Amino acid sequence: MRLRKKARQPLLHLLLIPFCLVWSYPFVWMLFSSLKTNVEYVGAGLRLLPESFQWENYSRAWTVARFSDYFQNSVVITVSSVLIVLVVSALAGYSLGRGELPGKRWILLGMAALMFIPKGYTIIPVFQVIKHLGLLNTIPGVILAESSGAHVIFILLFMAFYRDLPKELEEAAEIDGAGFIRTFGQVMLPLSKPVLTTAGIMQFIFTWNSFFVPLVFTLNKPELRTLAVGMYSFAGENSVDYTGMAAGAAIALVPVVCVFVLFQRYFVDGIAGSVKG
Amino acid sequence: MSIRRKRKIAWSYLFLAPQFVLLVAFTIYPILMSYVYSLYDWSGIGPLDDFVGLSNFRAVLEDSSFWNAFRNNMIYMFFLTVLSLPTTFVAALILNLKFLRGRTAYRTLLFLPVVTTAAIIGIVLKFIFGNDNALFNNVLISLGILKEPVGWLADPTKAMIVLIAVGVWKLFGMIMIYWLAGLQSLPSEVFDAAKMDGAGYLATVRYLTIPLLLPVATVILLLTALNGMHVFDMVTTLTGGGPYFATDMVDLYIYRYVFASGGFPQMGYASAAGIIFGLSIFALSVLLGGLVRVSGGKKARAEAGLGG
Amino acid sequence: MNRNKFILLPLLLALALTIALSGCSGSDSNANKNGNASGKGEAAATTGADSGKDPVTLEVWGRWEEMTSQINETISEFQQQYPYITVKYATVPAAQYVAQVQAAISGNTLPDLFGYNPAISTTQLSNLGVIQPINDVLTEEEKAEYYKGTWSQGYTVVNEDTYAFPLFNPMRPSMVMYYNKAALKEAGLTEADIPKTWDGLYEFSKKVKENTGGKIYGLVVGIKPQSFLSGVIMQMATAVKPEVSPADSFNYKTGKYEFNSPGIVQGLELFKKLQDEKLLHPNSLLMSYREGTSMMEAGQAVLTMDGSFLGSQLNKDKLDNYGAAPLPTLDGKPQYAAFQGESRVSLYVAKSTKHFEEAKLFLQFLKEHLYPKLVRDGIEYSPIPAVNEATKVENPIAEQALKIQSETFKLIPRPFERNQETLKVVVETSGKMPKQTLSDVIEGYLTGQIQDVNQVLTQLTEESNKVFESAIEKVRSEGGNVSPSDYAFEDWQPFTPYNP
């Protein structure tokens, strides 16, 4: 029996909307909890809305709990890491997509093999490497540790993009007397803005949400913590300041959610691309 | 070979250099060194001088706590995969319906948990589940499903259930996008032809969509399974591996030996555990990757073109 | 081209916003950035130089949050007396402290002064060469003012040199029971009903629950990580089998670990019974110790059990609503807390410090000015008996708790007094003990995951003894002169202070 065409739309919406509400309820609840007082929170039961908006929870998290420091660290580390990764992957992707590489097959095979090796247990040697570089307990050290990795997905994305650009562009640049670098810098790279954005957004979200690496590398210096690590320590130390923690969580999550909502097309395209590859 | 070509080759390799340097320093060298460390009894501080051969490996394999963590990883991964794949597939089908308005909005909303920080989600959800007075209990009681509050995180089975549910919730959007990408890469002529032949929606799905998607499905299976092996962030903040190691995972187990709170760390032992775990993940990937091969994954990839 | 602009604009906006926001993060963080640049006590802005001295910053790591305001008070007095010295004191949460110190040792970035932690012995630290002797901080006469046994090997002293500067009285902490008077009254009971035996505790909890219709529970104790319940049970267990030290479950008469001592097993069974009959507040299984005690404070349970330091942390405005009492034991028999002369709350001076003179001044200042404050606010007794007698404790609950504490502590045998080489064994066992601790077993037993607690405790005992014995073997094979008999004190009578 076929559903009447007209009924299909509203029926689906009727299904989807409550589902999505429940789906996103943890965030909603967290946001509203951050505006309650602690006493209110403990006795809240099901009540979502606070009596009055306690913005001072946010200022407490920002100053007393040092979320301002953590925020700054997260921004610095994430932005730097994104820049490094973009540069490294774009260069490599261009080389693989348009460069002349005898032995390219082996390089690609090696990259594919690397994709399967987990990062987890290499944290100890990475720690030692950073130590030998004298960058332990510094922001650059964390940035470096975060930017490490083979970035196979990004390189593949760049590689595919550059490869698919018409040869005429290259030829035209050659006629103008441009060498390898100029061709790349002035012609190809600007054209790859979509891939740059996609890779940039993906790396941004990945680094912003990173927990394990910053945890390990900021054990020694609480001032260097990122938001995720700071939140974890805050929860451990102030186990009874629930609304302060909710405010802190909001501070930590809102930026990445905003970035995502604004640029979601790119992010989704990137994910879709990775599964095809 | 012309000079131009030689120059081009030189530049090509030079462009690869930064990635290569990072790779050697932060991927290849660490992997090699972790093998070296695993052969020593080393605390990470002071010189590397206590060679013990394979005894670390033997100790890991004999440790029931390790197998406990390993088993938990397997359970988590299994249920994560089994629960996510069908549900995300259905969601993808729904969001692929051309006539549905507001698809992007739904997609964004469903995807939201994916981009949030796992560690922070863990803490927030610990509040929602973790207490007698917690939100989840209150909701269930008011709905009449429960009479008394349940200690969700105090019971080993329930804690694992919560963990799996949260894992599915968090990963849902991502897998749904994979399916969507797969669905959108299917050739529309086949579906048009089926429609003209009078095939209904469900029949189309059953006889056309699913078989055509099989290669993509196995890739998705592989990616989801691998995702379930590394859950450090969420587990650390949500359950801490508890209660009493009921949700302990290998990531946490290794972390305990590296950043020990009961004395000096045991880097060698931790490295050995990491290697054993890494090898089993590799074996799993090979196994599932074989499935991809078998279901014609290669052909499908060739058709889609390398890198979408 | 239009599309690019569309993207670029919000991106720039977002970037600008984040920079602006992080720019106006309080003045705190900017000062922090300046001070953190080197982390080794390099010069930083201060309130003005003192007769031509270069400004100096001392970085100190402590892990005792109970004394935060007292030490901050002392520090501001110190900085007034020595304007050219700035002290940056950081309280590191206990859970992170060991990892942080290890990372600092590894990366050679220790602060100027840092606190003792039982996981890394003083011997280990001096072996690694990261701490330096502080022999001339105190004169011999001054040292004699301290409690007997403060200057002991492996804790404050290694061989002939003093390394650690004590901050608290060494006989701490003992476990104490606290009660909420209002909740007690609501349950229709009086202070005379506060239980002294285990059966009494059981009956008490039942009555409380009945009389308040289940609204108030008899007992709440948070058991999540860093919980003190294991310490509580071990201390209560000494009334049953006192040979097993409540500090580490080591039987000093037989010279072996004994986690499965009858006292411990029965103590666990008591809690299990309370839990099964829903007399223990259900959130106990889900909460940390601090959340647990705050439930008692809020009156949701009458009793809680915690360290003696809780007294000073209760809400100051409501102090007369609380009381402290000794822990109940099996049949009311006495209990004790073990004292081996260790000074676990003490500060080291790092070898890498560039400001030893200033560190010295700081430590000497602490002796004069921090100790009295600790007693005054009931945080803890100071390491000097004379100071304790001369200062009045202004917090009545803390005073009660501290009194109970000083009555509970007894001197027990110390292997390192008999044979200094035993300290090498301590170093060797570091980090190798079973990862499963008594606290974990308690959690597993109360959540029902462990059925036969005796069997698990026996296993824990065997594993611990195995590590212990192989450590002795290892030390011997490297030429050390230790044997298991160094750990067995057959002539020890528990409860009598051990003085060979």
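Annotations for the structure displayed:
Going in written order, the chains are labelled A, B and C, and every chain counts its residues from 1.
Please note the rule applied: a residue touches a chain if its C-beta (ideal position, glycine included) is under 8 Å from a C-beta of that chain, and two chains touch if they have at least 3 such contacts.
All of these numbers come straight from a predicted model, not from anything done at the bench.
Identification of common neighbours of chain B and chain C yields A.
Relative to the C-alpha centre of chain B, the farthest chain centre belongs to C.
Averaged Cα coordinates give chain A a centre that lies 39 Å from the centre of chain C. Computed centre separation for the pair chain A/chain B is 16 angstrom, with centres defined by C-alpha atoms. With touch defined as above, residues shared between interfaces to two or more other chains in chain B number as follows: 44, 133, 259. Each of residues 95, 99, 106, 287 in chain C touches at least two other chains. Residue positions of chain A touching 2 or more other chains: 219. Residues 95, 98-99, 102, 105-106, 119-120, 124, 128, 224-225, 282-283, 285-287, 429-433, 435-437, 440-441, 443-444, 447-450 of chain C are the ones that touch chain B when the two sit in their complex.
Chain contact summary for the complex, chain A toward chain B: residues 2, 8-9, 12-13, 16, 20, 23-24, 26-27, 29-30, 33, 42, 45-46, 87-89, 91-92, 94-96, 99-102, 107, 114, 116-118, 120-126, 128-129, 144-145, 147-151, 155-157, 159-161, 179-181, 184, 205, 208-209, 211-212, 216, 219, 227-229, 231-232, 235, 242, 245-246, 249, 252-253, 256-257, 260-261, 264, 267-268, 271-273, 275-277. Residues of chain C touching chain A in their complex: 4, 7, 10-11, 14-15, 18-19, 21-22, 25-26, 28-29, 32-33, 36, 39, 65, 90, 92-93, 95-96, 99-100, 103-104, 106-107, 109, 287-288, 290-291, 294. The residues of chain B lying in touch with chain C in their complex are 43-46, 65, 130-133, 149, 151, 153-156, 240, 242-246, 256-257, 259-266.
By the touch rule above, chain A contacts chain C in their complex via residues 62-63, 66, 68-69, 71-72, 75, 79, 127, 131, 136-137, 193, 197, 219-223, 233, 236-237, 239-240, 255, 258-259, 262-263.
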